[in-house]
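Right, I'll just put the structure down here and ask away after.
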Amino acid sequence: MPQDRDTGPDAARAAAHAGIERLMDTLLPSLIAKLATLNVGELEVREGDWHVRLRHPMTAGQDLGRRAADRSGQRAHAGHDAVGAPAPTRAPAIVVTVGAATAASNGTVPSLAPVGPGRASDGPPARDAGPGMAPAQGQVATSPAVGIFQPGSAAVSGARVKAGQRLGAVDMLGIPQDVVAPADGIVTSILVEGGMAVEYGQELVGIEATAGSEAH
Amino acid sequence: MPQDRDTGPDAARAAAHAGIERLMDTLLPSLIAKLATLNVGELEVREGDWHVRLRHPMTAGQDLGRRAADRSGQRAHAGHDAVGAPAPTRAPAIVVTVGAATAASNGTVPSLAPVGPGRASDGPPARDAGPGMAPAQGQVATSPAVGIFQPGSAAVSGARVKAGQRLGAVDMLGIPQDVVAPADGIVTSILVEGGMAVEYGQELVGIEATAGSEAH
Amino acid sequence: MFSKILIANRGEIALRILRACRTLGIEAVVAYSEADRDSLAVQLADEAICIGPSDARRSYLSVPAIISAAVVTGCDAIHPGYGFLSEDETFAEVVRAHDLTFIGPPPEVLDRFASKEGTRRLLGGYGLPTIPGSVGMVRDDEHALVEAERIGYPVLIKPSAGGGGKGMRMVRTPRELESSLRVCRSEAKSAFGDDSLYLEKWLDDTRHVEVQVAVDRYGHGVQFGERDCSVQRRHQKILEEGPTTALSPAARAELCERAIHAVVAAGYENVGTLEFLVDAEGKAYFIEINCRIQVEHAVTEMLTGVDLVAMQIRIAAGEPLGMTQADVQSRGHAIEFRINAEDPAHDFRPGAGIVERYHAPGGPGIRMDSHLFPGYEVPPFYDSLLGKLVAWGPDRATAIERGRAALDELVVDGIITNVEIHKALLSSETFLEGRMTTNLLDRVGSAAFLAAAART
Amino acid sequence: MFSKILIANRGEIALRILRACRTLGIEAVVAYSEADRDSLAVQLADEAICIGPSDARRSYLSVPAIISAAVVTGCDAIHPGYGFLSEDETFAEVVRAHDLTFIGPPPEVLDRFASKEGTRRLLGGYGLPTIPGSVGMVRDDEHALVEAERIGYPVLIKPSAGGGGKGMRMVRTPRELESSLRVCRSEAKSAFGDDSLYLEKWLDDTRHVEVQVAVDRYGHGVQFGERDCSVQRRHQKILEEGPTTALSPAARAELCERAIHAVVAAGYENVGTLEFLVDAEGKAYFIEINCRIQVEHAVTEMLTGVDLVAMQIRIAAGEPLGMTQADVQSRGHAIEFRINAEDPAHDFRPGAGIVERYHAPGGPGIRMDSHLFPGYEVPPFYDSLLGKLVAWGPDRATAIERGRAALDELVVDGIITNVEIHKALLSSETFLEGRMTTNLLDRVGSAAFLAAAART
């Protein structure tokens, strides 16, 4: 599963996040101020095994697909169209991706790997660690199949749900596939209207997990 | 000229370097330490218009050429073969490249541009600002033409030379093209044997500059 | 004509089908598994939909997932590509039951040609010579031994379903036969869900030659010449070319004529391939029909200039062929090199990982069909095909020269590929003289073959 | 045959020549300027040598630098590609003086065909119809006015040297003539170092049709059919196709026959192109010969299957053509789209910068000759050609469909390209009906042309 490859253990992640906070607080503001005045496109530093690059996001990424979309206006994505969500535009305020060197001899480069059409913000949690994908510390019930989403009675904001509880179903050619809560918590958002088409892994119901109660 | 595009005015560069020093001192060590323990391949942070990436150099670069060379053992490079210099291996300890946003609407990305065969360490100074291209604080007299190198009497280690002084010539179809010292200093190394073929811009004579005496 | 097609496949063939749709002005939806989220076909598609996890049984082999995806995206047809569900008549049935069109032969045609043994009898009846073999499936070991005696050893055990060498064994004695039957059954069972086997006379030093045909709904058929797929490794094709060097022009013409006559008479529909074994005397035996577009279809496209995938779609939509045999003009010679993520130095162990650098060769007569791009991560879940490099030339010698230059130009870094085996082939006397048989590599072993090439 | 060739050019043509050398088994050395240090040809070459700074006058146009590079790398021939020194008879002379071979016509042949005006007289004498024009170069304004009166306005002022529209002006009155002569002289002087001009009858609504020929050292010549280059912008070709829609098959055959007959009779050698203007009545006038391989040669390669660059090298090496006119079989239709780093929305302002993303289209009938790769920095010093997308089909309609799909598939991010103008062309009635003349874009203006296409 991608999850095993893309994210390290929790401890590791915590440490990484600490480093990032530090990065954000101590360095970025001043450096950004400096460089902005220079009208510089990119700044890069290498030291030993490491290498830091500061640049405009517009020069980053490799999404051929989205570019193609920009060029041919009529691009569509099943999951998105169905729920009438806006097409993904720019990266969220903060995105952190950590590539585990275990995936390939020389470490994965997820941030360089292209992103599928309209996937930037609705990929399954497995694909990305840290905040940005879902409500902070949030959990998301995803679609178990490609079909039509039918929310259940528990799929209402504010409802308290238990891990494994049925939140609705995705109807695949008449066969209902249960959508279940990934953890104990409170329903914070219904991400897809009932009766809409959804794809496999699409985020359906947001849940604010009750502390220390993740499903095992 | 690449120089004009790849590097901003001196003031701008000074400011940029200040920013980089700060980056190096305050952040890198701790962050590197942290991430090294995670065995992480890459870490990336975005904030507003800016974006920082920390990664192993081995995952960077796009030199098709050198790979092709690795595959077909019999690759040759005129300049190199002539002097039997070793093929370039890894990036110098520190390389700083600053892309001026004037070159392309969205900034140049020199560090992503591939390196030609065997050029990593003998590109003309024009291509890179800062140290790392030549012996530390060193100057190098390069070839003014493609042809046969004929060292002059001053081209001997230890010789004291003046900026603009003739160190020899490159014979291009019988027409000698002068090789001159870029600065006052002492000859430290003769990088190409006399009578050998050299290409335009190839480094010929290394010079230890006498402090504050660069040619203008 | 269709308005929107669901592409239920991956890799280079998904891209190939997408291009055919674009050329025909048909919208396309790429159905992908989680492992292919970043694939080139998904990136280039106007629309894409995730149908399941990386496990093919829950995505590319899941009938309900694929049909549900077609329904919710408003497609009116499904292209299965090759492999996966491409020749599954049950799938084709269910597709039709949902008022969608299966792009390939209609279910009843797939059904008629589902059994290799039945197909040999059917087409044998229409004049195609077949290899002496067991009468029907072998009921049990008893029956197998009796049939083997009648045919005469050595015999080849073959599964009725599937293809690609899985569940196949050549046996020289009754003992070998008994011990192998069990293995073949389980292999066939796990690979195709069907463990019925049959026996066939083993032919030594044979060539593999196949004829490309297309028949429309109105019984009008055309053949596009043959391909020689003799270069194989354990029954897996790795290089295909056309025309074949195994037969004289006259013999080739006759074989292709008989092939198209037989399939039209037998009521085949859509594009297909008839596979033959050709023995040392140049005698051809029909062995099976492939009711799908094949990996090596590009060889025929380079020779004849037709777009076989577009033709496949048009036929499925009920359009007439719109061409006669006289319109088919084959020109020059074409060779396809399958570029696989396999390590020739380690018994072709399949590999995966990130493509750090990728450069596709080009120039006159060169075509590269591949889903690679710099930064692409090759998932470990599916087959090892990374792309197909096809070299065309006015004659075989030129095609070989261009192929050699193109293989040298190709850059795929980060993934171990089988390119070395192709370079070895292009320095092999046997191949250069066009005398290769299907055991070219297996007789000496690929490692020895590579070593021999390195010495030259 | 040569053992080692110096490639004295850059961009896609350097790559193209490298591929031809590889196919012929000849070593190649890529000569490059500092600005092209990271170019694809340099990366893929077995050997490369820097000949000077980015300024072409000190690198790609420097005769001593290029010849010195050939000498020190042990080459025995130099391929000049197109542009730069490709038609410079002085360069060819010096190359020969250093016991190297210039890959192209021998110096004396280049010399014989150096002057357009002289060439028109020469080939006119061998039966090629030419446009009424001034007798010789115009000595001065006096002479120009007299000649213009004789020919009849409007007349076209053309420089004797060079090409590509530089220094050309159409004038309708004596006053316009006088004022334009000065400008044209200086333009011609700075562009070609030769300010001699001549006058020509201006033909309205003409088509540009050119015939590809090859003649070996032994006076044996064949023609490879014609190309239609009518789609131009300010005399710059941007799209080329073959066969032409301007002439009937019979008229095409006759034109090509007359062309090959004339150049063979006039003692031409190596590959070349004869350019004609075709008026509304289908009457063809010879205007000039190009003594080099051309950007659009790939169109002819797709149609006939020949490798024109390899042929150019073989002829220069003294080999016979090895083929007769009967061996030349043109098949189907091919269209080349020049992909330039130009902004159609801003009067085709040339651009430069980093190619962030690059994906070349593919599939049946598609060929992309380009030196782009992700991360490549397009230098601002040279011409704006990024690559050539060629689409082949069994007929023009199919070639257009495939071209449209390929243009949609092409991804070049980070650089502004002229792709939109090609898409506009493919939705232009005039183009689709094959009625375009050389003023198609300039008459309405490219901006208006783009806008009109956007409305459809």
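Just so it is clear, A, B, C and D label the chains in written order, and each chain counts residues from 1 on its own.
We take it that a contact is a pair of C-beta atoms (placed from the backbone, for glycine too) under 8 Å apart; a residue touches a chain by one contact, two chains touch by 3 or more.
On a predicted model such as this, the values are computed, not experimentally measured, just so you know.
The rotation relating chain A to chain B, fitted on Cα atoms, amounts to 175°, rounded to the nearest 5. More C-beta pairs touch across the A-B interface than across any other pair of chains. Seen from the Cα centre of chain B, the chain whose own Cα centre is farthest off is C.
For the pair chain A and chain D, the distance between C-alpha centroids works out to 50 Å. Chain A and chain C, compared by their mean Cα positions, are separated by 38 Å.
Residue numbers of chain B whose C-beta contacts span two or more other chains: 59, 62-64, 68, 72, 103-104, 106, 108-110. Residues of chain C found to touch two or more other chains are 40, 44, 356, 359, 373-374, 408. Of all residues in chain A, those touching chain C in their complex are 1-2, 62-65, 68-69, 72, 74-79, 82, 103-106, 108-109, 112-117, 119, 123-124, 126-127, 145-148, 172-173, 175, 197, 199-202. Of all residues in chain D, those touching chain B in their complex are 29, 32, 34-35, 37-40, 42-54, 59, 64-65, 67-69, 71-73, 98, 352-354, 356, 373-377, 414-415.
Contact residues on chain D toward chain C in their complex (touch as defined above): 15-16, 19-20, 22-25, 40, 44, 298, 301, 305-307, 329, 331-332, 359-370, 373-374, 392-394, 398, 401-402, 405, 408-409.
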